[in-house]
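Next come two complexes, and both contain chain A; in the first it sits with chain B, in the second with chain C.
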Partner chain A sequence: MSELLTETFVTALLFGSVTAGVPLLLAGIGEQISEKSGVLNIGLEGMMLVGAYTGFCAAYYFDSFWLGFLFGGLGGVSVAMLMVLFCVILGLNQIVIGIALTLGADGLTALLHHFQFSRTYPRLSAVEPLVIPVVGDIPYLGEVFFHRHPVVYLAVGLVFFLVWLFKRTYVGLNLQAAGDVPAALDVTGVSVRSTRTWAVLATGFLAGVGGAFLANIGAGIFVPHMIHGAGFIGIVLAMLARGHPTWVLYGAALFGVSLSLTTALQVAGFNIPTDVVQMLPFTMVIVMLILLGRNSYLPAALALPYIRGER
Partner chain B sequence: MTSRYINIGRVSELARSAIRIIAPILLALVVGGLILVILGKDPIAYYWYVVKRGLLSWTGFQATLVRTAPLLFVAAGLIVAFRAGIWNLGVDGQFLLAAVLVAAVGSPLNTIIPNWAMICICFILAATIGAIWSLIPAYLKANHGVNEIITTLMMTFIGISLANVLIKIPFNDPATTVPQTVTLAVEDRLPRLFDTIIHHGVILGLLSVLFVHFLMTRTSFGLNLQVVGANPKAAVHAGLNVRFLTYVAFGLSAALAGMGGAVEILGVWGTVRADWDPAYGLLVVPLVFLARFHGIGTIAFVLFFAVLMIGGESASRRLGVPTFFVLVLVGLLLMFLAIVEYLDHRWRQRTT
Partner chain C sequence: MRQTLVAQISKMLISAALIVFGLGFSALSSAADLKAIAVLVPEQGTDYGWNQQGVDAARAVAEKYGLEFMPAEGLGYGDVRPTLRELAEEGASLMICHASGYNTAGPEIAQETGVPVAIVDTPQGLVEGLVTDYTLSGHDGAYLAGVLAAHTTRTGSVGIVVSGEPPSWNSQSAAFAMGVKAASDSTKIIYAVIGPAAYGDAAGGRRVTESVISAGADVIFGQGNGSSFGMIQAVETTKAVDGGKVWFIDVIGDKTEIDKGHLLSSVLWDMVPVYDAMVSDLMDGTFGTRGYQIGLENDSVRLLKSPHIPANIWNELMDLRDKIISGSVSVDNISDAQAVRALMTSVDINEG
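Moving on, here comes the complex of A and B:
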């Protein structure tokens, strides 16, 4: 037990938790935006996968992490555009389309990766962190939290930006209305369709950046099927957060720790089968749902297409 | 109105349902073909090879029929769930865990009891394991109204890892180097039909889909489940025990998925290796949708899809198009299905 609490172990665990938590955070707040507007986005996993693929390719060919994130986001947006077309404009079943997008993205990215790299998995160079002065000098914690790629700081900043946006602006109110009483929003002269469109596109961008983070910074490589349920965890986070971006942040931290435990235990030389540890985050989701499930909140008009004049 | 008019109406109705079914398939194949062209492969050669290997060669066709067995059980499970308005997307976990348990007990049981009894027990065990694995999502859905899409998916992720743990530690066959369960001897597996490799599981699969179709559309029990699925609030007012029916629908659906795992092990593999996860569940979802939860339609689509899978597997070896391509086709199929459904709906609104 004493070995478990060594400095290296704890630092590796925390460092890994942040790395594993950021994609979940981005995907979770992304999903929250679209759920708030009334679109249940089951395609989140697919958006992350495409983001991971396009983000990795951009970072690999242009040799720039920033371009990697940009293209990752755009990759997510491209899937989100399909979601908008099918679910917001045509009003088709959001769950069927979500599954279709996830399956299709899974197949397509694996296929493209196969034709591009065959069976090789090129690795990106390590990321150059932005060290924040003063707080970065705190022993251990400074390295864990403040020696990071700027995207990490931006992701956390975004949470607080969204708190402000949801509470204090018309944009936030419109989003909420589009999810709870779309007809009321329509009456006030704001288009439900465009509100939901922008919400889903934002989700796609954030999920894509999250996927790119997972590939470029988390793993350094792209492997087919690599998202492995992170998108679905993002959906759970959004479900449990009941519309509060800060709750997504706490949840992402919690799941980040449980994901990171896998690698940290291996670093510490513990002989626990990886399969057992891999179950951990998902078991955690189920336990959380059993404990908090009755409090999960979803907007009233979630997963219902809005058709003017229809009841 | 004369009968002639009615007949014309029926014919155009039939033609329309035919278009509704065929159009998404054709569109998916065409767009999939375009993707192949972009990747520098000849789509016509690919599709022709798939049909040749999956349908037109005798060995390929047998392999296709064998593949339909687990798919049919999974489809039967999905029909129950979807008709009852439940999104059981966790069939893969239910399928895999049942398969592992069946593989673990099959061979030892066979030494103490007659073969037919072992097979019966394995099917019951598989159904039970599947149903147990759906208990938590069923509880969360029935008692707390938690969305089952997420919970069933999470249970699948847990189930895949748990299956690996079971294979690697308690059920590991020490005689092999690769972690796997003890192999059931070929002569002890499900009996085969005549001189083919087709086992009786295919017939059981067909029967399970037909049974489910009958159950859901021709019995009062099935009707009750459909009412719950269509409108839970109305079901409460009609005096139905929605909570109980939710549990039953989950249990039945998962039990059928578990039996799919049993049929794949008892019929084909005889053992489960670590990291084996065919993930049939999510692939069958679009087929069941395409058939609009109809039993006969589902059987036809499962056959079509099995041809695609078996042919696609040979094509990946021969033509260098990975099997991921089949996933792309499934995704496309679902999307075009939704679009065609939408257009049909719009057209109907305009004409009436």
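Moving on, here comes the complex of A and C:
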């Protein structure tokens, strides 16, 4: 085992854990915004998938990772608009619509990929990182955390921005009211429908960027069904973190590190059942967040459509 | 008493004649009723791998027998019962469930509709006339790939990255490891599974492969469906620990068309003989009485010859292939995941 622990190997493992964690972080905090406003966004996986597809197309055709993220976000928004139409405006069942959107996105992106890329499977070149001076030279950790595409720094910064937004601004209060007591928000003259609409669209954008990150930086290619449950893990992180953006950050980081740990255990040649090793990320995240999140709460009106005047 | 005996013998003879006639008629009607072959695959049949080989082979066999071809692609890894019922209603005479995830649904729908199905990786699941199995393994070919990898590595380490641990992947991983050790006992083997059924997880494929490369491997034997593309991306964008190129050995399909200079070889599978035999058995009325396999002897398993393989090594591999076919070198078919994992640290060679 010790012979394996070279700087190259450890750095690659930790680098991979951050890369795996960022899409979960983006999707998780996006879901948290939506849940805060009272919309349980089960369609997160579908938003990520469409974001991965549109993001990859943009990055590939325009040769720009930035445009890839922008179009990835817009792809997620396009699915979120359907969620808004069916769940916020028409008040249909959020779980059913979310599942339908995910299945629809799965089929649509597979079909588009089939017509567009299934004979060529184009891959993107390696991303040019933004190296942060001084801290980027720290052994092991410098390359892992500070040799990254700027989107990684923005994703982490967004967590702290949301902490501030939720706690210190009227926007945060409105979101919370829309999820807890939507009628009270309505009485104050703030539109519940509008608040929830913007929240779901923001979720779509962040999930789309997360999907684009997974395709463009995580894999460097788009293949059908490639989100592979990351959207559902994002939902779990958001629900277990119960309103705390920083806990989503911890959960995503823990999940990424656990994934790398599973690889490390295998590479080191531990002869234990792979299923046991691969349960590790899921088990660790659930146990940690349940222990830490016992005193938190979910919005009272979560997953309930709001119709003015209805009790 | 004598009359009774004669009457009983007569009845038995008539019954036997009727049974023989009935069986013959049944076989004839099976052949006559064979109209269409359906194949169900989890991803699109354009993946240069498992899905494409399955779809292409089914199409070729349908054409050979003049049958309608009914592909159902991109079905994912969930419940395919509705699709199976639909295909049965549309007149499929044989439904090939080309994913281990369909092994529960396939036999159920076969019982329900009476339409024969073929499933994978379940040799114990045969039901006469209704369910057959093809547990394919290119382990003999993977053994050759292992020898090739051992001759190619500069760093003295080779990697095996798999998207799951189905029997087919396991037997090839084990055979690859045995091939490596047969050619060079000192070569280190690094084995990693991306995740539970991570067949389409391209990002996971890339992440795990990059870790395996950073642990020293400069030849990657990758088994993964969609996740293979993540492995290839890792191979193309990551330098080996010695700063040189990393090679990739693929399985099942031929990705030469999309290669950027890293594809060393592939353990190619041809499923045409398998599906051909299934249709033939269906016509003969023996469907569901045996399973099907592929092998080196009829080239349904073979090693892809890329321009990156030196001629002398290729010749050595072909000599070894002949020895495997003749039986002078035998390669164990180890399909149990736990046994494969144990093998990565202790490989026994079975020659002679």
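Basically, the second predicted complex is superposed on the first by the 269 of 311 C-alpha atoms of A that agree within 3 Å, B and C clash if a C-alpha of one lies under 4 Å from a C-alpha of the other, contacts with A are read in each partner's own complex, and residues count from 1 in each chain.
Here is the rule we use: a contact is a pair of C-beta atoms (placed from the backbone, for glycine too) under 8 Å apart; a residue touches a chain by one contact, two chains touch by 3 or more.
For clarity, every value in this text was computed on a predicted model and none was experimentally measured.
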First (chain B), second (chain C), both or neither touched by A:12: second
First, second, both or neither for A:107, with chain B first and chain C second: both
First, second, both or neither for A:82, with chain B first and chain C second: first
Partner chain(s) touched by A:261 [first = chain B, second = chain C, both, neither]: neither
Chain B versus chain C as contact partner of A:252, first or second or both or neither: neither
Touching partner for A:273 - first (chain B), second (chain C), both, neither: both
First, second, both or neither for A:224, with chain B first and chain C second: both
Contacts of A:237 with chain B and chain C, given as first, second, both or neither: neither
Those residues of chain A which chain B touches in one complex and chain C touches in the other: 106-107, 110-111, 114, 224, 228, 273, 275, 278
In the complex with chain A, residue positions of chain B that touch it: 35, 39-40, 87, 89, 136, 139-140, 144-147, 149-151, 153-155, 157-158, 161-162, 164-165, 168-169, 282-283, 285-286, 289, 322, 324-335, 337-339, 341-342
Residues on chain A engaged by chain C in the complex (per definition of touch): 4, 6, 8-9, 11-13, 15-16, 19-20, 23, 106-107, 110-111, 113-114, 118-121, 123, 125-126, 214-215, 218-226, 228, 259-260, 262-264, 266-267, 269, 271, 273-275, 278
Partner chain A, residues of chain C touching it in the complex: 43-44, 46-48, 73-74, 76, 165, 190-193, 195-196, 198, 200-208, 210-216, 226-227, 229-230, 232-233, 236-237, 241, 257-258, 260, 337-338, 341-342, 344-345
Residues of chain A defined as touching chain B within the complex: 42, 82, 86, 90-93, 95-97, 99-108, 110-112, 114-115, 224, 228-229, 232, 235-236, 239, 273, 275-276, 278-279, 282-283, 285-286, 289-290, 293-294, 296, 298
